[in-house]
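Read through the structures below before going on.
What follows is a pair of complexes built around chain A, which joins chain B in one and chain C in the other.
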Partner chain A sequence: MENKIRTYKIYCILETLSPLTHMMGVSGNESLINREPIIYKNRKVFVPVISGNSIRHRMIRSAGSEYLVKQMEIDGKLGLDQLDFMFYGGRLCETKTTTNISKIAEMEELFPLYRLLGGSLKNQIIAGSLDVWRGLLICEENRKTINEYLPEEYKITNKLLPADLFIGNYQYTRGDARNIRNISSIADNVSSLDDREKSNLMLYSGQQVNRNSLFFHGFSTKHISNIEIGCLFHSLQLWSENCSTVGGMAAKGHGRVIINCIMHDIDIDISECILLYIEHVKKNKEKMVKWLDANFPKKKNKGDILDG
Partner chain B sequence: MGDYFKITCKLCSPLCGDAPKLDSLIVSELIFKQKLCKSGEKLSRGDPISKFKIPSIPLYTEYFNDIPLYHVSDPICFIDFEFREDFCCHLEPELYYLLAEKERKSISAVSGKYKDTRLPLRLKHISKIIWFCRGTKDSILEILQKNIFSIGTKRKQGFGVVSSWSAENVDEDYSFFAKKEEKEVLMKTLPELYIDKKNTIGFAIQYGACSPPYWHPERYMNVAVPC
Partner chain C sequence: MSIILIKNQGEFRKKLACCFDSVSITGEEKKEEIKEKCINFISFLPIVFSDDLERKTLWDRISNGIYSATTKCDNDFEKFINYVLEYIKADAAKVASNKEFSDFLTYTVKQSDEWKIAFINYCQTKYFIVVTYARQKWEEKKAEKGKDNGK
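On to the complex of A and B.
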């Protein structure tokens, strides 16, 4: 397969299989879902949106980095700075910033994932080549905007449902400890009557995007090779296989989604690209560990220094 | 002489930060495309600009004290409204099992290196951005349509996605000045000494740059900025 540097646009549809709670804050004791203001029929309306930052972290960086950690066999051996770089993009922490091009080139060659996403070494920021679009709820208010993203043949012509119909509420209850049978036998410190009279029942509620809602989002990648496109789809595949979630409260079953990609104008075999990436990682895993240790050295114990 | 035309950019997601100068967009894209930046070579703030070859771009260019002044106006944004969104990042405890034993220590999440981030972003809902230009219309449009998919800052997070670029001829050259009642309205950031202050309106004197690379200290001088 010809390894050409190219530019791609990948269009995706996310379908929510459980309530989505991608929050923006609270009002009183109710959590609010993330919304963005848009102009619809000459007035400002607020429609739910999934931030590109969240999609990028969950679908690509987190899933791809977990794979790398497993392949490099460094789970339980990572330094804090290494973990920060791999899973959160790292941060500048040295006062003097430099541009060491050979270091950047080495990183981009070894880690196609971080060539896509970019990141920050201790003294330099490295730009990525993947733009992740925001997740737009497929609703009537967003129809015009979504059509601006889409190529001619996929444009939505039918009228859609309004955004309000996709929004619901949840409420959960943390039970009252007083109602637990035989509480005195399991908790010694609830001996005084005063304590027993205090209720710790808690109701908490918030907004959600209902299940079976659809979100449109996508990726645009600039000047990337087959290995990088393989890396992108491999990360998406891993994320989909490992109970893919977006937003918060995944522990309560929220945010489960499935992704469908529209392969428009992509004339390469994606499965071959994925294999290319897997081979690349297997071939270079020792070099990758060395690079990480050289750029994010772990603190040594006294004993280690004495040992040499 | 070149055509007189206006470039219109329509956006389909909010713009983060300010709209870019068109000449800087084109120069940076051409540097990448023509591979003027050889491996191991990158212009930094400490290097003289003469070390680096600025590509010629299809815009009419004047020189003022050896500084190229491209005939393109500053961006004119049609802003519907502005709003704020927070950009968050924090270390999730669920990944700490991956750490080596001696790295499992208490860290501060409120200050220092591993501080949690909640960065407010200034976002603009913009219907379109316009630049008035003088140059070769088709070449400019081709560069923009083929290479520029998003503008502004935080592009990787989905801000400033471009839905279309278009170009339209105009009658006069509005790239530097536009006439208004026998006076001239400033349309582009220009050196203070370049403009005729008596006949020009709508500007403020600031310290900044008027030609790419806009971030380079050698380009800094007293400039007249449209306002």
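On to the complex of A and C.
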């Protein structure tokens, strides 16, 4: 396959398989979903949204970095700075910043994932080549905006359901140990409990985006090779295979989604690109470890200093 | 591959079909009409409210009945009405003989499915408001009846 350097637009639809609780805050003991104000029919309305930051982290960086850690066989051996760079993009921590082109080139060649996402070395920031779009709820209020993104033949001409139909509520209860039957057979020092003492049963509730709602989002990439597009889809695939979730409360079954990618104007074989990326990682894993150790040297612990 | 690939416009439209709106009512006039009918329906409920229930809980019970009916009725208008009446233990004979209620049913039978869904949706999303208006209307009805009886 010819290794073309190209710019891609990848359109996606996220389908919620369980309530989605990508939150923006809390009011009392009620959680509120993330909404953004938009102007619709000369009015300000608030429509649910998934931040690009969340999509980027969950679907690409976290999934892709976990794969790299396994392949490089560095589980349990990563320094904190290395971990920070791989999973959270790193941070500037030296007083002087610099632009070391060869270092950037080396990183981009070794790590297609970080060429896509960018990140920060200790003294320089490296821009990525992947733009992640925000997740827009597919609803009437967003139809015009979504159509601006979509290619001509995919434009949505039908009227869509209004946003408020996709929003619901949940309520959970956290029990109180004092309500356990025969508590004295399990717990110690319960004789002091007053029978009339009120139970501390905790009710907590919040908003959710209902199951079977759809979000439109996408990725645009600038001048990337087949290996990088393979890396992008490989990360999406890993995320998807590992019970893909977005937003919070995955522990309670929230946020499970499936991703649908619209293959418009993409004339390359994605499976082949993924294989290219896997091959690349296998071939370069030692070099990758060396690069990480050189750029994010592990701090010696106290014992090492004393021994040294 | 675990990612679903949409390869053409047809597949895309199929995926989006669940979001297409064939039922919602957008006209302001229709919305006002639905609001008025909701208020009329709820303001009729005190007439058929069961004597077995504490009269002091009248509006509490009506509002709870509306809310629970909206969540149970699965967008079925007749089920919705039935659940509300059931919740307030309405007297079947009083319901059947009430002209206001039978006029309401005759009117709604002619309405489209979208109208009926919009009615339920209005009760669900604005039930505090609709109950407040209905109570006002009920007070007005009582006052008028009092005047008529005084003549």
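FYI, the second predicted complex is superposed on the first by the 293 of 308 C-alpha atoms of A that agree within 3 Å, B and C clash if a C-alpha of one lies under 4 Å from a C-alpha of the other, contacts with A are read in each partner's own complex, and residues count from 1 in each chain.
Please note the rule applied: contacts are C-beta pairs under 8 Å (C-beta built on N, C-alpha and C of every residue); 3 or more make two chains touch, one makes a residue touch a chain.
It should be emphasised that the depicted structure is a prediction, and the values quoted were computed from it without experimental measurement.
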Exercise for the section: Tell me which partner A:S240 touches in the superposition: chain B (first), chain C (second), both or neither. Expected result: second
Exercise for the section: Check the residue A:E140 against both partner chains and state whether it touches chain B (first), chain C (second), both, or neither. Expected result: second
Practice task
For A:P162, select first, second, both or neither according to whether it touches chain B, chain C, the two together, or no partner.
Solution key: second
Fill in the blank from the handout: Winner on chain A touched-residue count between chain B and chain C: chain B
Practice task
Would you check which partner chain A:K298 touches, where first means chain B only, second means chain C only, and both and neither mean what they say?
Solution key: first
Exercise for the section: Quick one: classify A:M263 as touching chain B (first), chain C (second), both or neither. Expected result: second
Practice task
Applying the touch criterion given at the start, work out whether A:R43 contacts chain B, chain C, both or neither, answering first, second, both or neither.
Solution key: neither
Exercise for the section: Kindly classify A:D84 by the partners it touches after superposition: chain B alone (first), chain C alone (second), both, or neither? Expected result: first
Exercise for the section: Jot down the residues of chain A that show up as touching in both complexes, chain B in one and chain C in the other. Expected result: none
Problem - In the complex with chain A, residue positions of chain C that touch it - result: 1-7, 9, 12, 15-16, 18-21, 24, 121, 125
Completion exercise
Residue positions on chain B within touch of chain A in the complex are 10, 12-14, 32, 39-42, 44, 80-81, 83, 85-89, 91-92, 95, 97-103, 105, 107, 113-114, 125, 127, 147, 149-150, 155-159, 161, 163-164
Completion exercise
chain A residues touching chain B in their complex are 7, 9, 24, 36-39, 44, 51-53, 55-56, 69, 74-80, 83-84, 87-89, 91, 93, 99, 101-102, 105, 117-118, 128, 130-134, 145, 148-149, 217, 220, 222-223, 298-299, 301
Handout entry: chain C-facing residues of chain A, complex
Key = 13, 15, 138-140, 153-154, 156, 158-162, 164-165, 212, 214, 233, 236-237, 240-241, 258-263, 270-271
